[in-house]
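Please go over the structures that come below.
Next come two complexes built around subunit A: one with subunit B, the other with subunit C.
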Partner chain A sequence: MIEALTAGLFNGLIYAAVAVGLALIWGITDVINFAHGEFLMLGMYAAYWLYTLGRIDPTLSAPLVAVALAFFGFMVYALVIRRLQRGPAMAIILATFGLGLVLRQLAFIFFSPDYRSLPDTLLSGSVSLAGMSLGRPQVVTGLVALAVVAALFVLVYRTRWGHALQAVAEDRQVAALVGIPPDRVNAQVWMLGSAAVGLAGALLTTFFYVFPSVGTVFGLLAFVAVCMGGFGSLPGACIAGIAIGLIEAMTGYLAAPALKTVSVYILFILVLWYRPRGLFGRW
Partner chain B sequence: MTPASSLSGPAWRPPWPLAAAAAAAALLALVPAVVSDAFTLQVLLLAIMFGALGACWNLVGGFLGRISFGHGVFVGVGGYATLLLLHHLKLTPLLGIPLGGLLCAAVAWLVGGPTLRLSGHYFAMATIALLQIGLLLMINWEWAGGAVGLEAPLGDRPWMLLFRTKVPYYWIAVGLAFVTYCVTYLLVHSRTGFYWRAINGDEEAACSLGVPAERYKRLAFVLSAALTGVWGGFFAMYVGFIDPESMFSLTMSVQIVLVAILGGVGTLVGPWLGAAVLLPLSEGTRVLWGSSGLGLDLLVFGLAILLVTLFLPGGLVTLWRRRGPAGR
Partner chain C sequence: MNKKIIAGLAAGLALAAALPAHAQEKTVRIGALYPLSGALASTGAEIKAAIELAVDIINNPHPELKGIPLAAESGLPRLGGARFKVVFGDTQGKPEVGLADAQRMLDQEKVVALTGAYQSAVTKTASRVAEQRGVPFLNGESSSPDLTERGYKWFFRTTPNDETFVENMMQFLDTIKAVPTARIAVVYENTDFGVNTYKAVEKFAKQYKRQIVANIAYGAGSASVTAEVQKLAAAKPDVAIFASYTSDAMLFVRTMRETQYAPPVLLANDAGFIDSRFVQEVGPQVQGVLTRDVWAGDVAAAKAGLKKINEMYKAKTGKELNGNNARSMQGMLVLADAINRAGSTDPEAIRKALAATDLNDDQIAMPWAGVKFDDKGQNTKGAGLILELRGSSYQTVWPEKYRADKSLPTVPFAWK
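Right after this comes the complex of A and B.
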């Protein structure tokens, strides 16, 4: 029981790691990036190829992958999102969904649908914690996720730059009037959010398979975490991610493993019933 | 729903669009007499079906402004209800399809309560969650075929909607599409339709003017779901084989939305127009490259979504409107 819950906790931290980038982008730019899972997939492939071709361990290449993804996020913002920002919300949802589909199919074509995994990384092995044995990659990724959430939290809520972000989130035009360039801030947020998901992707390769549709596995759960956590709330996304991990573990332990995701979605709809803007959403 | 009565304001016009739709349906019904190519007929049928699905979606997504990305759930529920009734109770789809529609209406009524209060991204996410719940439940429900799916029996029994050739299905689709168009036309031009657009414009203002917003939002969702469910039942009989992945599919749900967007959201003809353009494109690429095993057809579909939203956000209808006054 406790063992299942602990494993669930670390799974939840991984969901949180994937979700924070999404929460950041959504909170500041009011855009929900339906290609987020495919960003993760790109990060995973980048780490995979860096290891296979360049012999760079994912633990070390994670910052490189983060930088690469930041650049990619900037491109996506500049080429797609910026043009649609003043249009209806539906246009952006659809455009990012289409982008995700394109990226997934391109990965399918160029990287083949094979499931790949990294056999032996610096993190391989297990740690024992109070008599329980946990995978070392999961523990490290979970802790890094916590650190990333904390760092982003400080960056957004405690620094001058973060206040500029919040100003743009609050009101684009007024922010522009006081000298904050909204387009540049939005681009920075896209870079930061994409870098966060790149980091998560690189670390994920140490214990999870890499395949073209890996993004949908984590992507949908990341959306649920972000919506459940509440509009743009970083701590909310983190707590909701952990909650999802724990619920999965509980359902898998008490009922049937096949139903664990169902209970997550049902809980999600129940949460929205009682709090239509998520657990920590601003009303 | 009564059709627009004298109470619903000055907008009651002679229903020439209905006459035009009847003429179009009659023309389409004649196509099999001229064209015998199975593929052309299949593309036409799919275009008609997706036009209808887009029109059903449009009631919620266009006129009410609540974007549902999970309309596939109603296709799935309708299709599964029809085939399960046929499979286990030997009930004819002539009854099973309407029952599937009713079941969809019930699901929509239940789910509409908590979700229709949401707006924007939250509603979209809630409908996706609903779709995933449906998908995962059906995969694990052995009685309903589980992950393997269900087959319609083979045979030639018209009262069971089983035909050897696909042509009768085509005629059924044309008839159903005509009914779908008429229903959406009458709804949109009735008081209900005005209420929906008022809620879409400004829900609080509409409430303050006495529009019972809760009830009418639910009504839109329930009607849209019921019609979608009927089409789901038809689709299941037409393809003769259903599985959770194809019926509760996010890609299909997005295709429904895309058809409406490509044509023009919140217009009556938009979805049909969008389907007439998109379905030949997607089916054509599927035939050309789908067998390569690389999923090129999906790549083209994704690119189409990107290009449409980037360069034609108002839909094909706007191309026509730019030239002159909008004479809807």
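Right after this comes the complex of A and C.
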């Protein structure tokens, strides 16, 4: 029981790691990035190729991948999102959706549909905790996720720059009137959110397979976590991610693992039913 | 004047077109339905090459292939040396196209028997046409147990089916003495393939005095399988049987390894575990895993006839034969042998000859005891192999006569 819950907690932290970037971009710039799962996929392939071709362990390459994804996020914002921001909201949603499809199909073409998996990395092995055996990659990824969420939380809610972000999130025009450039802030948020998902992707390769459609495995869960946690709330996304991990573990332990997904989505529907703005949502 | 020339040309063409029809007595035409386009096109193309090789063996003298019926002679001797001809139809991997193609073969191509169609679902529809029209259908490579449970009179299958494969697993487990094998856990994806594997294990576990201690179905493509692995570990099985495709197989292997759980016997039902990507990417981490298969490189190298046929195939295509196309080729050889013994192309005569087929292991090109059909049309002498991953390839550990290294299998299984 305890073992199942502990493993569930770390799985949940991994979901949180993927979700937090999505929550940040959504919360501040008001854009749902439907290509988020594909950003994750790019992060995973980047780490995979850095290891396979450059012999750089994903643990070490994770910051590099984060920087690369930040740059990619900036490009996406500058070339796609910014141009559409004055159009109908649907245009941006469809654009990110299309971007996701394009990225996935390009991955099929350039990386082939083969499943790939890294051999032993620096993180491979297990951690013993009070008689339980947990995978070290999962534990490290979970702890990094926690650190990333904490850092982003401080950055957004406790710094001057964070206040500027929140001001843009509240009202673009007023923020611009008091001298905060909304475009620049939005670009920074896209970079930060993309970097977070790049970091998560790199660390995921230490225990998960890499595949052009791998984004859909985690992307939907991240989306659910963000909705459940509350629109734009970083701690909300984190807590909802953990809740998903725990629910999955409990369903697997008490009922059958095949029902994992069912219980997660029942919980999701219940949350939306009773609290449509999510657990910690402000709107 | 012009009209006369055209009329003359047309008459000439008609005559030319009629000539093959005249020569038809000397040709026996077989329809072969395979996925030659679509997602399975590469598999279909390999099967087509293997069947063309079978036709070459039948039509041209190959005295070097001792024992294989029709190899030494040219053509079908009991039909006056008639040539064997295979007409290919493309099913596109779709059951409805397979059905339409089977009709077209019988109506337009005038084939005397049908073969195909790789996927069980396509074989199901195509063979229905043959059954209705009273034409023999020989299937060489579809493994769904249902196919021979339909009470069909004209359907014959040379490959063992999934139930036989699971029974083979039980027979293999009986040979393991180093560790107990009484408690079985089945981990399977909740699709047709996985559920059928579980049902077969359930059926044969009882018969072979084993007990199922965990029944773990999972959704394919999950983000995590820790709950599944914990459940498996908690049941403390002697044997863990997996029915998984590549991605989940990779994730299970890595998750079990990281949580340091090793089932004493790790036995897979083919699929993801024999995928070349699986062997390449996680193979080094999962040395000693056992899997069920129908084909192994070391068996092909050890059986003399098989080795020669494999060399011929390699010369023709640049690739080695594998479990899929070798079975299709064997099916075609069995069909040709039956038609020859029938001594005619009358459907009922062919059906009777097929039903009377009795080949031993020297007369076939597969690692089976032979070919002999039961009253449902299922070959009862076929069997699967159990292989163990050693280095970057699988080696045969069962049946024991194909086992080269007597120290195998390596049990209990342990992570490296």
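One rule holds for everything that comes next: the second predicted complex is superposed on the first by the 282 of 283 C-alpha atoms of A that agree within 3 Å, B and C clash if a C-alpha of one lies under 4 Å from a C-alpha of the other, contacts with A are read in each partner's own complex, and residues count from 1 in each chain.
We adopt the following convention: contacts are C-beta pairs under 8 Å (C-beta built on N, C-alpha and C of every residue); 3 or more make two chains touch, one makes a residue touch a chain.
Because the structure is predicted, anything quoted here is derived from the model rather than measured.
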Aligned on subunit A, subunit B and subunit C: do they clash or fit?
fit
Of the partners subunit B and subunit C, which touch A:P181 in the superposed model: first, second, both, neither?
neither
Tell me which partner A:E248 touches in the superposition: subunit B (first), subunit C (second), both or neither.
second
Of the two partner chains, subunit B (first) and subunit C (second), which one does A:S133 touch, if any: first, second, both, or neither?
second
Return first, second, both or neither, reflecting whether A:I109 touches subunit B, subunit C, both chains, or no partner chain.
first
So, A:L272: does it touch subunit B (first), subunit C (second), both, or neither?
first
With the two complexes superposed on chain A, say which partner A:G54 touches: subunit B (first), subunit C (second), both, or neither.
neither
Touch check for A:A258: first (subunit B), second (subunit C), both, or neither?
both
Min C-alpha distance subunit B to subunit C after superposition on A, in Å, is 5
Taking the contacts subunit A makes with subunit B in one complex and with subunit C in the other, which residues are shared?
256, 258, 261
Considering the complex alone, what residue numbers of subunit B touch subunit A?
61, 67, 69, 111, 113-115, 117-118, 120-122, 124-126, 128-130, 132-133, 136-137, 139-140, 251, 254, 257-258, 261, 265, 294-296, 298-299, 301-306, 308-310, 313
Taking the touch rule as given, give the residues of subunit A at its contact with subunit B in the complex, in rising order.
26, 32, 80, 83-84, 87-95, 97-102, 104-106, 108-109, 220, 223-224, 227, 256, 258-259, 261-262, 265-266, 268-270, 272-273, 276-278
Per the touch rule above, subunit A residues touching subunit C in the complex are 3-4, 7-8, 11, 14-15, 114-117, 119-120, 124-126, 133-138, 207-209, 211, 217-218, 221, 245, 248-249, 251-253, 256-258, 260-261
What residues of subunit C sit close enough to touch subunit A in their complex?
190, 216-219, 221-228, 230-231, 246-247, 250-251, 254-255, 258-261, 275, 277-278, 281-282, 284-285
